[in-house]
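Going by the order they are written in, the chains are A, B, C and D; count residues from 1 in each one.
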Amino acid sequence: MTDTPKTLSRWQLSDYGRQHLAYVEAPMPTPGPGQILVQVAAASLNFRDLLMIDNGMGAPFTGPWTPGSDMAGRVMAVGDGVKRWQAGDEVISTFYAGWIDGRPSPEVFPLGGPGPGMLASHVLLDAQWVAAAPTTLNLAQASTLPCAALTAWFALIEQGGLRAGQTVLIHGTGGVALFGLQLARLHGARTVVVSGDPAKRAQVLAMGASHALARDGDWIAELRELTQGQGADHVLELVGGANVERSVQALAPGGRLSVIGVLDGDRIGTSAYPLIRHQTVLQGINVGHRRALEDLVRAIDVNRLTPAIAATYAASELPAALDHLARGAFGKVVVTF
Amino acid sequence: MTDTPKTLSRWQLSDYGRQHLAYVEAPMPTPGPGQILVQVAAASLNFRDLLMIDNGMGAPFTGPWTPGSDMAGRVMAVGDGVKRWQAGDEVISTFYAGWIDGRPSPEVFPLGGPGPGMLASHVLLDAQWVAAAPTTLNLAQASTLPCAALTAWFALIEQGGLRAGQTVLIHGTGGVALFGLQLARLHGARTVVVSGDPAKRAQVLAMGASHALARDGDWIAELRELTQGQGADHVLELVGGANVERSVQALAPGGRLSVIGVLDGDRIGTSAYPLIRHQTVLQGINVGHRRALEDLVRAIDVNRLTPAIAATYAASELPAALDHLARGAFGKVVVTF
Amino acid sequence: MTDTPKTLSRWQLSDYGRQHLAYVEAPMPTPGPGQILVQVAAASLNFRDLLMIDNGMGAPFTGPWTPGSDMAGRVMAVGDGVKRWQAGDEVISTFYAGWIDGRPSPEVFPLGGPGPGMLASHVLLDAQWVAAAPTTLNLAQASTLPCAALTAWFALIEQGGLRAGQTVLIHGTGGVALFGLQLARLHGARTVVVSGDPAKRAQVLAMGASHALARDGDWIAELRELTQGQGADHVLELVGGANVERSVQALAPGGRLSVIGVLDGDRIGTSAYPLIRHQTVLQGINVGHRRALEDLVRAIDVNRLTPAIAATYAASELPAALDHLARGAFGKVVVTF
Amino acid sequence: MTDTPKTLSRWQLSDYGRQHLAYVEAPMPTPGPGQILVQVAAASLNFRDLLMIDNGMGAPFTGPWTPGSDMAGRVMAVGDGVKRWQAGDEVISTFYAGWIDGRPSPEVFPLGGPGPGMLASHVLLDAQWVAAAPTTLNLAQASTLPCAALTAWFALIEQGGLRAGQTVLIHGTGGVALFGLQLARLHGARTVVVSGDPAKRAQVLAMGASHALARDGDWIAELRELTQGQGADHVLELVGGANVERSVQALAPGGRLSVIGVLDGDRIGTSAYPLIRHQTVLQGINVGHRRALEDLVRAIDVNRLTPAIAATYAASELPAALDHLARGAFGKVVVTF
């Protein structure tokens, strides 16, 4: 502990709105029983961070806080009774603090509001709230996993039971979408990405997507054609709104639609008939638990899968990083500390 | 086979519309290879029969046909190669001809249009399209199982994995609803029925429902109160339309809504937020397969569960039986042959 | 906290062997952060307690400790940060400290060695290590659930997916067996108990078992007869040794055998052929997690199921209670504090 | 049908024993209702064929019959009512005739005894007993799938739910083993093959196995080392006998052992303790159903996976092909017609 500095730096909101973000210093804490102190190497940004910074997603502002939920770093010190970690271990955060396995208990909460935020040089965490980082990624890459990659894994693998040969329909090219593409390929699935941007369609094909379809075309018909009339076994629904009914129509009998994102609106509707006829499953997905994150880390290490990173920013450049995320990034936006 | 008469009687439609139903005679067929001839003892009516008689649910009228999908009867004769059955066996029909287990293949079809109809004194069937009748029910009772009871079983047990202590929310008091109530009780679940009719609420309480709530009251709040804030683990959605969103709001975390009926309209819509927050599952249910029907029959025999029958009509009284079904029945409407 | 006494009493082993048990006083602890202090009302005994007292199941003796894993009591005080409980709440212990849901992490451990023992007037526990007691049982009854009842629930319901109409074969009349009988009945299953003792066979029939078969008879043939040749869908294997192969032979196609107890020896063997032919599942069961215990508690409350208690002893009579357990009890042996 | 010859050729046993095999002519049959006539392009051999030819696996010899269960060919003619196929379609046989999905009914039976054998120039089959051949394989390759590949798929994917990052332990290099290796890799798993033959270890490494361990070494310890102490999540148990206990010891917590082969003896035994401690699942695997075969075919087509073929023999060389299989082949032995 001799090297631990006396202060840490963190981004902090004095009120909602990006203009109220400031990079401030604070005293370095000491881990209490069951806690660990982590030196953050990198934090990756999620769309949720933008919403939380802008308005707390509806929660009243109750005092200065630090945003950010995704982090990779090194354990600097451990509190009494901590056996899971020792100084020097590389770890990544879990999005839902305290959700270990199975169903979430009512007590779990997200990091980065209301839980502690990760956009800091050092963070104090319960030893249960982190998982071992992959051994085959650097920490900037590792920081991209806790939210976006786990959401895709949870939808397709943990809940979806994806198997080789199935068809996965992916909407857009955001963080969850690109991880969904990589993880579906890893399991031998056929992957079909729908995007409105020709350049991004070319990019996903370069990443190995089986097909990339134009959003303004008749992608339902094209998908059916590509699948001998079957349709998709899994849909990562990342658009929401009116897109959901189209996704339902694109499903194969027994297919499964994971409700994840609502960029085009949270109102979703459909005729019940295709649901009944095809015994379709629609399931809301809310990131996932630590055990699944550990499974994901292992899958990454065994297969040396590399996350797509759009850009890396220095800690002081957080506003530019948030701008990048807000205007749309192909791959994760990472901030290093 | 000495007792087999030369002719059979059956209800037949010369065009869509109940006024075109006639009870006609036809030559008695002989079972071909793999077929069985069944003397029908009773047929039970489903709401689908009304729709099929009225307009074929959209299919063009292509010639006289016999409606009805639910039947219990006795095997009179078997064709070459039939080992599953012998004369005298008591059997019930399967709603989906050819759906044995697992997922339905594209080749399966319902009895009572486009498959052969059961409202007849005798029916010729593939030996694979029937299951053994329960030994503890008479054939009038047994005839109620293939569609309504199996739908409830498939939603709650086969797909839903219902376990004791869970809360099942049931809308209305139709055929599927009452079987859902009985089967949920059989598995030790708490049952909550929502009905707009005080007399029917009294009836379901008499059948053992844990609670009966008024449709025009704030049943979501009442349900939460009854479940210590938790909500329902399973919903049998038999109303459709705007009711679906209320049902979604009534679900417990990790809860499951089975989309079955659309009396109030097939357009269903909801906010995505409760789906995501609670990782809700919505699944379309389309009756079920023969293996689940066999499981259901065994559950009935082991527990001596008795279906609710609203009324029994003679074969010649089919029009009155259909009227009864159309105006709403508490329990199944059965026609005996 | 004004009523909290200055000392507590607990049973303590100064060395392995029942003769080294003593009922001693110790200072009353104060709950630290995340901890609760519970006033024990009752503790129930398990066969494991006998083994732990006799020889620690192989672990070297490292100092005085308190045995016992099953407890029901009232929360007296809570430490900093505890939100799950408040003083006055009635709780039961979880057998595996820290196993909340899903798979157990390597960090979980049993109470009553190596974790803290429950045979005490007061116990200090992590707030995560207890579940709410059923509201429909007294605390003596509630104390029987954490190990025996949860094991039966986990084998049959959580892992086994038991449904009405299935056949459950239960060996003996120990704690897990009797709960297995009650829980199987609660789900509408047919229950067949095999016991060598005619009096106990009469007792399980009085508790509602469908059938009770003599251990020295040809119970495999009798079971097949009772199930129309099918065999058992689930076996609670509580005997071990040579009994396992007989149990395998008694299984229905697709059946499932839960390996739980090894009274007749831990060596288990079978021909592989029936396993392959029937696609049998054998699964080791190791009590279960807190979420399943919470599910079980809810099932008990909804159905007002009452555990079988063989006898209740005062705290000072622990040696007599252990003798009772060792010579065989029909129902749980409970010690009250 | 103008091109259909008047006779077909087939291998036929006049008594048990390879010396009683003869290649004989027989009249060409015409498909009856529901049947198809298939011109066989290739048949692949399984170890079961050797046993069936030698002694019928215990069944009394009741008259001349044709062995062989795995076939790929072209539909030549279809009988009345067949809609699944038309002339020219390329198909592969299903090992279990009539097992479509879910659990097998008691009526299913294997091809190649007691069902019709595939070692023939033409075979008459129920239209339900075949699946579409992969479009990316030739028919010699396609003939290898029905038994060996489906068994591996059923154990690992259909029943095992294999996911990327898990460790699969594979015993030996027989037909099921090599498909297990390929299918596990297809899902992103780590694969560890245990073999006693250094040359075969080199061959599986060339096929992409993560590791190949010597059978006479301490492969349990080596496996643990390779998996950071975890052990295997899945074992394909293809040896049987005393090997099973070693496999159990090699399993990770929550691991799963598929009981498939019994080359070293059908008596399997283990201590119950590791099963209980790790909540291990042992499951007998008996090939699989047609729906899973269709899933497998799709996985092969999407991923262009190529089966390993040891050698291809002309139809007249069946005795040499059987010799090759009997002395051990790396890859499937195929006979072309």
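The rule is simple: a residue touches a chain if its C-beta (ideal position, glycine included) is under 8 Å from a C-beta of that chain, and two chains touch if they have at least 3 such contacts.
Which protein is which chain? UniProt says A, B, C, D = Alcohol dehydrogenase.
Computed from a predicted model, the values in this text were never measured in an experiment.
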Partner chains that chain A and chain D have in common: B, C
Co-neighbours of chain D and chain C - touch as defined: A, B
Mean-CA-position distance for chain C and chain B (Å): 40
Mean-CA-position distance for chain B and chain A (Å): 43
For chain B, residues contacting two or more additional chains: 103
Of chain A, residues touching chain B in the complex: 103-104, 106, 240, 244, 253-254, 259-260, 262, 266-286
Contacting residues of chain B [partner chain C, same complex]: 157, 161, 163-166, 183, 186-190, 210, 295-303
Chain D contact footprint on chain B (complex, rising order): 32-34, 83-84, 100-103, 105, 107, 289, 291
